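Below you'll find a set of structures to go through.
One chain, chain A, appears in both complexes that follow, with chain B as partner in the first and chain C in the second.
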Partner chain A sequence: MNDEGEGLGSEAVGGFTRRRFIEGLSRVGGMGLVMAGMDAFGVGIASAQATPPALTGSGSGRKVLILGAGLAGMTAAYELQKAGYQVQVLEARDFAGGRCQTARAGFSLTELGGARQDCRYDKGQYFNHGPWRIPHHHHSVLHYTKLFGVPLEVFVNDNEAAYVYAETGKGPLAGKRIRRAEIAADIRGYASEMLAKVVNQGALDAEFTKEDRDAFITYLRGEGYLSASDLRYVGTSDRGYMVPPGAGSESGKVSPPFAFKDVLHSKMWRSLSSVATYSHQGTMFQAVGGMDQIAKGFERQVGRYVRYGAVVDKIAQNETGVEVFYTDAAGKKASARADYCLCTIPLSVLRTIDLAVSPRFKQAMTGVAYMPVGKVGLQMKNRFWETNHSIYGGIVETDIPDLGSIAVPSTGYQSAKGVLLGYYQFNASAAKISAKTPAERAAFAVEMGSRVFPEYRDAFESAFSVAWHRVKYNLGGWAAWSADGRKNDYPVLCEPDGRIYLAGEHLSYLGAWQAGAIESAWQQIGKIHSRAQA
Partner chain B sequence: MNDEGEGLGSEAVGGFTRRRFIEGLSRVGGMGLVMAGMDAFGVGIASAQATPPALTGSGSGRKVLILGAGLAGMTAAYELQKAGYQVQVLEARDFAGGRCQTARAGFSLTELGGARQDCRYDKGQYFNHGPWRIPHHHHSVLHYTKLFGVPLEVFVNDNEAAYVYAETGKGPLAGKRIRRAEIAADIRGYASEMLAKVVNQGALDAEFTKEDRDAFITYLRGEGYLSASDLRYVGTSDRGYMVPPGAGSESGKVSPPFAFKDVLHSKMWRSLSSVATYSHQGTMFQAVGGMDQIAKGFERQVGRYVRYGAVVDKIAQNETGVEVFYTDAAGKKASARADYCLCTIPLSVLRTIDLAVSPRFKQAMTGVAYMPVGKVGLQMKNRFWETNHSIYGGIVETDIPDLGSIAVPSTGYQSAKGVLLGYYQFNASAAKISAKTPAERAAFAVEMGSRVFPEYRDAFESAFSVAWHRVKYNLGGWAAWSADGRKNDYPVLCEPDGRIYLAGEHLSYLGAWQAGAIESAWQQIGKIHSRAQA
Partner chain C sequence: MLRTPSACSKSLALVLALVGGVSLAGPALADGAKVYADACAACHMPNGEGIEGAFPKLKGSALVVGPQDALAGVLMVGRGGMPGFAGDLSDDQISEVLTYIRSAWGNAAPAVGKDAVAAARAHNRPEERESLNAH
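For the complex of A and B:
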């Protein structure tokens, strides 16, 4: 057993890629054979690419110039230098990590046309204003956290004790904070009751044998907590207690279910689905001490290749190589040459740089929008969400205009203070709120959040907000491809233009995720290596 | 905001207990008023007793003799000494904690009539063979972990990526390992499709307005991933991918759903319910470094009152006090006197001790069975469940005879080794497997577990098992009250017999849980204190 083998790479099946292998099985023998094949791999849901490409041979004597010391750029630098390439990384900021940032005391940010924010959290408090969670199936990220010894802890994404808060519903539950378990148990319980009723009345007898029906009713009884006698949903202790069981005579008092129509018209079921979204399906992780520990893990390996404060002005190329002109940290003009360039600069920014590529390539670069994204981290002087509400980590879904969701921290449980995510907005909401000053954004978050947690007003101490579309060197949260853009422009950008290769989350189907950045880098360095070896 | 106020105690509402307050609201104004009242408390699911009783006045000059240094005994010792009482604790073992134990190198156990087991795990590896998880609503446990500074980490109980393995089902899925998300998405998807179909056909029109029907169909579409056009379930990416999305052209290949009847007759839905069991509902915790850190947190506070190795032989009382006769660690007979005795010895053991209580009390002590419980911790030389299967923490449900469930560790992610729970049995299965030698139990667990994870055979290194019904001073996992026993005998034991009070999980409706032990102690010391103050 090889501890590094989080899954089998594309080399694993005698030259077949995993995809071709599985598709082949599917054609030959249907799903039964596919399952057997996936079992043979020992995996069911491994990444398309779970480990870096094997760069066999040596890159010695070749130089790759990498633009951007985010996760894509540092991945490329790490793997290429390991394979013998000379690498150099130009990074506009004075720190590595790209969007993989954590705000803590000492961190500052000045958005375009905005005031400077100096993070004033207490020592030990922090906020992941960039990427904040890693699903268990993002093997590429987990490959490096393991390799570089970055400790992980569980990120609580789904929490049945967290509130749902819907103002736009109707009836007695509108504008009330209700625990997710209560809504889920009730709507699913009533639905199970209805289905059991019609099945029992024979509505589906054309499709069901008696054996089918009996098994299905047994399923519905368990799933929906139906009474054995009359298959009715009358609530369940699993939705919670008014008075929980305790010592002595306290046997507990189960909270009664809400009425079906009250739940139905509350619209609180909007966030329910039979399983969690794949990208957010547990177990999820975060880096202990802040997500920037992942960036720092990379930086320990490749920081020596990075020139910080180097702002790229122009990217030129000819048949023999590339030359990149930049302004260095002291304001001096400089340039660097290499055989190939791997450019991880977001397209939103790259569009503003003098770039020697074909008109078609340039046009393709305009085919994608970048997502306006806003986040605010609110330091609270106590953890009222834990002490008063028993919510330990997790996301409170709201439909409060322009607020989105609130998330309480999955770390520092039972400690004195904490930083919660006060809003998480996209698109128009993000654009709108980002026009406010940092102080106004914080006031908005506190004002709106206190509809769910009145404790906000007393507990709020300090805020740090980001509007990624206003952050220099990013100009957006992530690439948001339209269907047309994905079809027409994306494939153009996935291939090199001359000696210039692009990489980053924007060149993946894992957009916005760190895994997309890493796997894109893996793919492109594989191409560079094949070409260099040819 | 008081950080200690995890909830409001019974003092909070002018002499009303929480229960009386909420029940009053319910009588007066129905559920609407109850919800408002619960909101006024700032809590929806707090414990009946979330904080220790306020022992106002002083216990000075009174002595309480506590039998057993488990969580109930140490809770009582801590609170009573704080209130000025003289306390003494007699503990049969040479360590504190009762069932709150963790096996690691240096820990040994000799079961009744069994071989001695010396735990041979590697340094840093451990296994919680007693209590292993804490739900977020067990405020009494969380009160002390916070007070005593015992760090907590998330215990992953529900993991949609974990396998379900059913041998007793029928059809192509029987004996296959299937991820929980696949089963949940498919059975709920097909059920949603059926219900949407009959609702659309008007089967429930007597109960539904058009507005109801539209809202309900919208719910079913989201819940069950139904196609917008024809309300059919045709699978979802959230059940997983054959080839996951990646970089470049890899858009991913969603795994197709299983056929409805295959899922139905697989019986793999047996472990599904619309929400998780209340006692196991997230967020759940464990103590960092092993659950015995909770015991050690208490011991740091009250260890100085504990006489270790003191095995109680006889408990006597008269109108003026109690006297307890015991054999000390050196084998010498000794006795201790006090005004009151709080006895936390499990009834299974107490029944064998000479005890001066009424015949009715004695008879009541026989009214409860103690649960045979078996657990084994298997140290594996690599974490194949993570690297090969992407299962990070969580429980693999099986119907393998006498095996029960397998649980992989919620700590040490991505490290070299790990200890997994190889079986967790109750009742007849526990009795049967406990008859084996420790080596045979380990061989059984490895043999059976390898049906799910073939890697077991290569990776297994070292085992430590416990059969709680064979452990001296416990003679069972926990008290398993029958309905009759709960009705007739339990109330007798909740009240004192003369100056002897009982406490422990067995005197709570939180049987088997640490919270039951603590809250029972809280309740009984409240009674002792009232009497002593009278």
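For the complex of A and C:
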């Protein structure tokens, strides 16, 4: 196993987020684990429920105390009050939304053990340091954005013009930025050519009829842009031009393909798959003006039930009800009683709170880890990625150590400035970079990013970074269940302990996604309602 | 499937880097300190004091100076919010960092050998971490 571990800091040596992860799984666990990992990614885990549960009958004034005004808590508050329940929400922060946050001028964050950061972006600039994209099949999120009138716009996840940048490959392409379309056309073209050749040599004759073979060759010709005459890949105008076609006599000059072995050893194909991972397929969306507009949409509906600045100290229960003790915004001790409690506090935080549940339930809460996650938003004084590189939204995948991806904004095209995602890290890389000061993190992102875009150095204006594992009331980006934890502990936590119910992305198979939070809340309020009706 | 494992050269480079960087008589503690600074210090703080209510103190921690297998197991799979580092740190690095935290800040417990780490890795099935993805 040791040889298969990647070692500190080398997570990002693998680069290429999705691919890196899948390959990581194949290294440590073989193909079965790869498949399990793909399932965890979203293959087969479309948001399962499109609408909230019908809470028929009435809550008859029964009271539900909700802990946390993130998307799970506010979903529960909205649906329960509509069904006639009395709801109260205790929220530790002075704003609603949980991780659904957007950094803009005036927003500040002090990480545990870190300095206070005040976001100093220009007016109108912002950065989604929490959730930043919504798959088109996360029906539950889209249900509420529609219902609450939160405008959406397209989030450009895949962009053929975006660069791939790999330093760890070999050959002439190493350390060069190459457009995704060029790599895709070349590797698939050459692969199709080779396959066509061996098929024509009879390699698959045992399985193929002549009709099969003809159909397959036709497919390969289209897939790989192979020449009709000799089934060779000699490039294609669709991978791009050295001189673009224009008016009059300018027919354009097609750029020649890279040599097969150069592409092969560049490792850049690691950013490609036949289709994008399910959770990242177009169409993806973002909220216009920042993802926190989704939180605000909920808050408009249920903000009146939320007590802000209420930090939970203790959660008690007996046969007849629950009582939650908290410290209010003024530092005063207080408590609230209810018939049921729906607790959406992340397990990383909940484990530090005095909680009256069974030993088995408590033990199950330790069966989960939380993912260190780091992001930085860099405000640039011009949109060089658009003006100099024609990249309008999308993700530049790199294998720069500890950097991960760079993403340019899917909004504000052709305006003066923009905030780009300078890094997106997980686990060891996130832990490592988060030990730096905010200024050092920004300097790291600018230095590393300038390998791909030298314009960084001149254009960089201000940064805002987050290390979610160091954010009070979160202590992690999202729940990371081990296979054992998912099997043994997760089912325990999905059921109530007495009158205490848990909800959040951590209790879904849509981990980290907003849809996971919403649908987990739907599931638990359905259970509360059935019980209250009984 | 066209998914090709690609870590061999990386892992090899890493192993070479480790072997090359550490003389046998060498400063094991210095390497453990480096791993600590990179992987642990952001939460447990450079002085091992942690953050009350969030990240446990390692200085004077019973777990840290206690039985090696339990401690190594926590490094592998995480615990109570802490992530596992099995996929990110080699046995050598885990051995070095555990040895470091068991002897830093006034802690005084024996070094943790690579064999103990390898045993913990085998015992804790850390490879089955399910979900680590960009969202």
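To be clear about the criterion, the second predicted complex is superposed on the first by the 487 of 534 C-alpha atoms of A that agree within 3 Å, B and C clash if a C-alpha of one lies under 4 Å from a C-alpha of the other, contacts with A are read in each partner's own complex, and residues count from 1 in each chain.
Convention: contacts are C-beta pairs under 8 Å (C-beta built on N, C-alpha and C of every residue); 3 or more make two chains touch, one makes a residue touch a chain.
Everything numeric in this text was worked out from a predicted model, so none of it was measured.
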item	value
Chain B versus chain C as contact partner of A:Arg270, first or second or both or neither	both
Chain B versus chain C as contact partner of A:Thr168, first or second or both or neither	second
Which superposed partner A:Val311 touches (first chain B, second chain C, both, neither)	neither
Which of chain B and chain C A:Ala105 touches, first, second, both or neither	neither
A:Ala334 touches, of chain B and chain C: first, second, both or neither?	neither
Partner chain(s) touched by A:Ser251 [first = chain B, second = chain C, both, neither]	first
Comparing the two partners chain B and chain C, which touches a greater set of residues in chain A	B
Which superposed partner A:Lys146 touches (first chain B, second chain C, both, neither)	first
Touched partner set for A:Lys176, first chain B, second chain C, both or neither	first
Which of chain B and chain C A:Arg470 touches, first, second, both or neither	second
On chain A, the residue positions that both chain B and chain C contact, one per complex	1, 3-7, 18-19, 22-23, 26, 31, 34, 42, 267, 270, 274, 277
Chain C-facing residues of chain A, complex	1-11, 13-14, 17-19, 21-24, 26-29, 31, 33-34, 36-37, 40-42, 112-113, 131, 133, 168, 267, 270, 274, 277, 279-280, 347-349, 351-352, 365-366, 368-372, 404-405, 424, 426-428, 431-432, 434-435, 467, 469-470, 472, 475-476, 478, 480-484, 486, 511-513
Of chain C, residues touching chain A in the complex	1-7, 9-11, 14-15, 18, 35, 37-43, 45-46, 51, 53-55, 77-93, 118, 121-122, 125-135
